[in-house]
Amino acid sequence: MMRYVRDPALWLTTLVVLVAGVWPLITRSATTREDMFLILMFVTLASSLNIVLGYTGYVNFGHIVFFGLGGYIGFYLIAEKGWHVIPAALAASLGVVLFAAILGGIILRLRGAYFALATIGVNEAVRSFIVNWDAVGGAVGMEMNFSRYQDYGGPMNALWFAYILLLIVTLASVLLSYFVRTSKFGLGLLAIREDEDAALVLGIPAPKAKTIAFALSAIFPAIVGTLFFFKNGNIEPGDAFRLHMSVEGIVMIMLGGYGTVMGPVVGAATYERLRGFLLTSPLFKNLQLAFAGVLLLLIIIFVPSGVVGWLRNRFPKVRRILA
Amino acid sequence: MDVLLASLVDGLLIGFVYGLAAMGLTLIFGVMDVVNLSHGALIALGMFGVYLLFTGLGLNPYLGLLIVLVLGIILGMILYAIAIHPLLDGPHLSTLLSTFAVSMIIIGVGTMLFTSTPRNIDINLGSMVLGPVRLQGTRVVAALVAILVATGLYIFMYRTHVGKSIRAVANNRDAAELVGIPSVRILAFSFGLGTMLAMVSGGLIATLFPFSILSGGTYELKSFVICVLGGLGNPTGALLGGLILGLIEGLIPVFMPVGWTPVIEFTLFVLIILIRPSGILGAR
Amino acid sequence: MKGMRLFVTVLFILALIVTGCSKATPTPAPQPTKAEAAPAQQQAPEAKAKTLVLGFTASQTGKYAKESKEQTQGIQLWLKDLEKKGGLKLSDGTVVNFKVKYYDDESTKERVQQLYTKLITEDGADLLISPYSSGLTAAAAVIAEQYGKIMITTGAASDSIYKQGYKRVYQIYTPASRYLTGAVDALKAWDPNAKKVAVVYEKSKFATGVAKAVKAYAEKQGLEVVLFEGYEAGTTDFNPFINKIEAAKPDAIIGGGHFQDGSTFAKQLYEKKTPVKMVAILVAPAVPEFAELGDAAVGVIGPSQWESIAKYSPESAKAAGLTWCGPTIEEFVSGYKEAYGYEPGYHAAGGYAAGLVLERAIKMADSTDPDAITKALDAMDVMIFFGHIKFDTGEAHGLQIGHDMVYLQWQKKDGKVVREIVWPEAAKTADAIYPLER
Amino acid sequence: MSVILEVDHVTKRFGGLVAVNNVSFQLYEGEILGLIGPNGAGKTTLFNCINGVYTPEEGRILFKGQDITGLPPYKVVRMGIARTHQVVRPLNELSVLENVVVGACYGRENLSLEEGRRTAEEVLEFVGLADKRNVLAGKLNVAEKKRLEMARALAARPYLLLLDEVLAGLNPTEVARMLHVVRKIREEGVTILMIEHLMHAVMNLSDRIIVLDYGSKIAEGTPKEVANNPKVIEAYLGDPDLALSLVEERT
């Protein structure tokens, strides 16, 4: 335990997320809160995806399926069953983790491109299934009565409430990422990433480890999904299972540095800010997508280890504080 | 019964075009182990190539395909040099992302130039009735062109020196290099071929359906499904996979609500990867 | 030394994150529009001037880019017309002007909520207009309502938004539940023998809502719905589906979704020479580019929120016992053509109408107080170039109950395909082609 | 001497090819058993059967009296069998130390991260890689990678060590160094089963030798017996004079 208390990287990680996350609470600015909501949401998604992608080395294009399913379960419980958002989010998380554990047990047998393609297939299959499933609204989705926000002290408070919950979730997911990375279990995952067959021979129970990693990566996206759609007031299949968001998550991880704790945090924040900037910049407004593409290409070719990875490689001293 | 027959024919015809699109994806994967995420954007580019030649120069769409074909090979080789070659020896993820970046660039520039307004190439080659089946001229021609291109590719791969080199590189790059095959040039050319196939199939699709710069995504997903059906990395299998997909799409509505088509398709897709990753016909 | 380096690095990273998270987005400084400066000069110095900020998001990129652009242009034209009049004068001499503020929402919900909050809290938006599409509007409505801002929705026909208990969201469009019901009426009027209809629709929020409503309505009217099926959004090949429709032998096909699938569907129905007497589909026929389909467009009927050839006029208002306000259809169309070089479609008209309704409400309220404006909107019952505007004040507060759809049909005249209004009887500009000649 | 490993009529097929054909032998605690044979004789496949990478179609494998046939590799390691690979498989993006920590933590003793680090440091010292502990494994040269491979296996604290051509590709100095390490391992009481192509090394080190050819065991005995076995000479050694000289070199 002392090991953790003394680790500057842990403190830095916590501090960064906390300082950034508490900022809107201090300024009481709703705009900053909305900006931060998106950033924290992406930090959580990227950070949890990194457990599978960065640590275990499995390219998961279907990460967003956890977000979408969690959103659906949570939203259904809140809007249709009148649950409070916290138990709803927890129930969603539980359900999705179970789903991930079963799914992981099946598809993690695949490697490389086959796994990546299968995850695309899973996302699309789930999305198109929900579109056809009328109990959860089918293509129309579900909507929540505005009066529901009264339970949280009115709509304004509900938004702040959702934000604070998200901040806790983000912190938890970054800490989870840290503890996995610095644990024996995490070391096993890294070994799997580097060479799965060698890892098996070294004594790592790879099938179990991979499945656990997969399930761990599903905990927080499911909660984030519930919070996001709670705040949105409605849910539709198209918004819940947007493949593009998975890819964006991967981009964020690459940008920040895959396989590191801080990488997804830095990557998600940078990507989100950058997109925001490009979107509103009169110069790049029309070309923002292409510009983001060029930037991504340059990063992959010239800084493949991402910002944090680059710092760690360039300045070995930094390694101690930058996990 | 009539419905079944009509849907069967419709499915088969469109299946050839789907198959052609998937061939590009599977060829690139087979030769260099790269999943090309710019595939959809390239299909859309092919659509606009034919469209612009048609509306701008009044060129017959089928003639336009020839120009798109040449442009496709050149563009593909350029893309290889920029986005694939520097990353070929890196981790799997890097080429996935670089091709995705290319897709962002194409769609970004495309949206600026063409907006996302749907376009339509207005050609009609009439139709003919064979019993319960009505064959639409454009579809028959599209299927024929797809067969022609696929046959051409097959002959090229098995009868020419370059084609054999491509197969050699696909088999074992190092060994090919040892026997004096310039593997880099072959890889670049293969990417060119893959791009060409994507763009040509895009051009064909443009003669059938309205499209926009964002349309490629649908066909990219279909191509993934087809590649897996036919066996990833196997161009001949892709054509077959295309036919199977066409049949599935044709027949499902006969038996259940049409909305379930994608559910069945993608479930099948995942199941096949799991049970038979080498494709329906592939060796185990 | 070592510690120093460490410290600096930490600081650097913290700075990076914190600046990143605060208001780093450099918003282009609000440039004074020409209009803002102009009325200021015209006004007598003692007249009080008040500028209201009108905020909305536009989908400049993504799947709704086209429709949204039209809508935005409509809003901008209204603003320009208002500026030309020298602003909106209240009885106490206050001159009200508007400053428009909008951002690109990329056609996604995450952006919509982020940007509407920004519009309200940072740009100080007093009044809001919705983004395009029901989905985005639903997300925006939550924010608007949370801050108690008035939002006029346009380009959003979904009914369900108005059943969530919102108090200050008002709809311009005819809601989805009444979108295609006129087609059923028309079918019954034109062909009392018609019995069977096929309702086929895109699996999207909007189209599914419309389809469900029209199915219920058709059954109530004694028609048999022989096929009721949705197809996946993004479907391009309808042939297998059409085979199935043909097998059900309907007299009419009613349904559709958005432009792309609708026009594809229409094209393939034509190529297949599907033997039906009537085809009425959503959205696509009302878009001018539908004409690109050539012969395949002929005979296809589509509901439209508004047509430039519609017959709304001060005279018809008087006949209906309603007040008329705003420009006539001719004035709007010529103004739009002058500004943008082509004829406006209903998306543009909807944008203009949203502005006009706000203007009218402030005029009625004779105040810029939000509560007063809300009251005025609740009481509003007027006719404008867009049609009759009246809002539900009951359970579905804000739902449009005045406005009606018109139904247009593409017809061939002198070798060109043109659009004609064929329903309702009172508004029609031509007789319908019925049954379809295929 | 007690039997630590018993391979009992093991057969492994790949399609029509019989890679290991009805092979049986016993390994005694503390000895070094050499496994030789021409390329493709099934030596590595036999290793893979023992440590659970493959499940043999027929036969059993007993380790310390327990049946371990078909156990997955990670369970086999837990029981105390570690191995090295013919083609080194370092975890490239991890440091040398981390590589060995993996071995230690997931090895027989199932150590915690801290304990594993201690063991790893010891083992690195033992194989002479301590000064490279923070280098990324991918950056080592071939000889160092071989030693890393060895260190990783040792860190598992095995009772039995399977060495697959640890000398291949090394220069004479490096070979000598590695042989020294192998001897030291034996002194620690670890039983060793080693595949080796370098004849004089096998002959020198091994207490006994087994010869495989086309998947079958064709000979078993002391180095001298094996070197003089005509079947072995025919199948593998080719040049009987050379074989003899190698044996003599030892004595």
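When the chains are written out, they are named A, B, C and D in that same order, and each has its own residue count from 1.
The definition used in the following text is that a residue touches a chain if its C-beta (ideal position, glycine included) is under 8 Å from a C-beta of that chain, and two chains touch if they have at least 3 such contacts.
A quick note: this is a predicted structure, and the numbers were derived from the prediction, not measured.
A.B. asks: Just to be sure I understand: the centre of a chain is the mean of its C-alpha atoms, right? Then which chain's centre is nearest the mean of all of them?
C.D. replies: The most central chain, going by mean C-alpha position, is A.
A.B. asks: When I count C-beta pairs in contact, which pair ends up with more: B-C or A-B?
C.D. replies: A-B
A.B. asks: Rounded to the nearest whole Å, what is the centre-to-centre distance of subunit B and subunit C, using the mean of the C-alpha atoms as each centre?
C.D. replies: Spacing between the chain centres: roughly 37 Å.
A.B. asks: Report, in whole Å, the distance between the mean C-alpha point of subunit C and the mean C-alpha point of subunit D.
C.D. replies: The mean C-alpha positions of subunit C and subunit D differ by 75 Å.
A.B. asks: Between subunit A and subunit B, what is the separation of their C-alpha centroids in Å?
C.D. replies: 32
A.B. asks: Calculate how many whole Å lie between the centre of subunit A and the centre of subunit D, each centre taken as the average of the chain's C-alpha atoms.
C.D. replies: Computed from C-alpha means, the inter-chain centre distance equals 43 Å.
A.B. asks: Where in subunit C do residues touch two or more of the other chains?
C.D. replies: In subunit C, 61, 203, 230, 232 touch at least two other chains.
A.B. asks: Residues of subunit D touching 2+ other chains?
C.D. replies: In subunit D, nothing touches at least two other chains.
A.B. asks: Where in subunit A do residues touch at least two different other chains?
C.D. replies: Residues 128, 131-132, 286, 288-289 of subunit A each touch two or more of the other chains.
A.B. asks: Looking at which chains touch, is this a line, ring, star, complete or other?
C.D. replies: Shape of the chain contacts: other, as it matches none of the listed patterns.
A.B. asks: Quick one: which chain pairs are touching?
C.D. replies: By the stated definition, chains touch in these pairs: A-B, A-C, A-D, B-C.
A.B. asks: Flag every residue of subunit A that touches subunit D in the complex, lowest number first.
C.D. replies: Residue list for subunit A touching subunit D: 3, 182-184, 187-188, 190-191, 193-195, 197-206, 259.
A.B. asks: In their complex, what parts of subunit D are in touch with subunit A?
C.D. replies: Residues 51, 53, 72-75, 77-78, 83, 85, 89-94, 98, 101-103, 105-107, 112-114, 116, 152, 156 of subunit D touch subunit A in their complex.
A.B. asks: Residue numbers of subunit B touching subunit A in their complex, please.
C.D. replies: 29, 33, 35, 37, 82-83, 86-87, 90-94, 96-98, 100-109, 111-112, 221, 224-225, 227-228, 232, 257, 259-260, 262-263, 266-267, 269-270, 273-274, 277
A.B. asks: Name, in rising order, each residue of subunit A that touches subunit C in their complex.
C.D. replies: That would be residues 8, 12, 15-16, 19-20, 23, 27, 29-39, 41, 128, 131-132, 138-141, 143-147, 149, 155-156, 158-159, 228, 231-234, 236, 238-239, 242, 262, 265-266, 269-270, 273, 276-277, 279-282, 285-286, 288-289, 311, 315, 317-318, 320-322 of subunit A.
A.B. asks: Touching subunit C in the complex: which residues of subunit B?
C.D. replies: Interface residues on subunit B, with respect to subunit C: 2-3, 6-7, 10-11, 14, 111, 115-120, 122, 124, 127, 134, 136, 138-139, 205, 208-212, 214-215, 217-218, 249-254, 257-259, 261-262.
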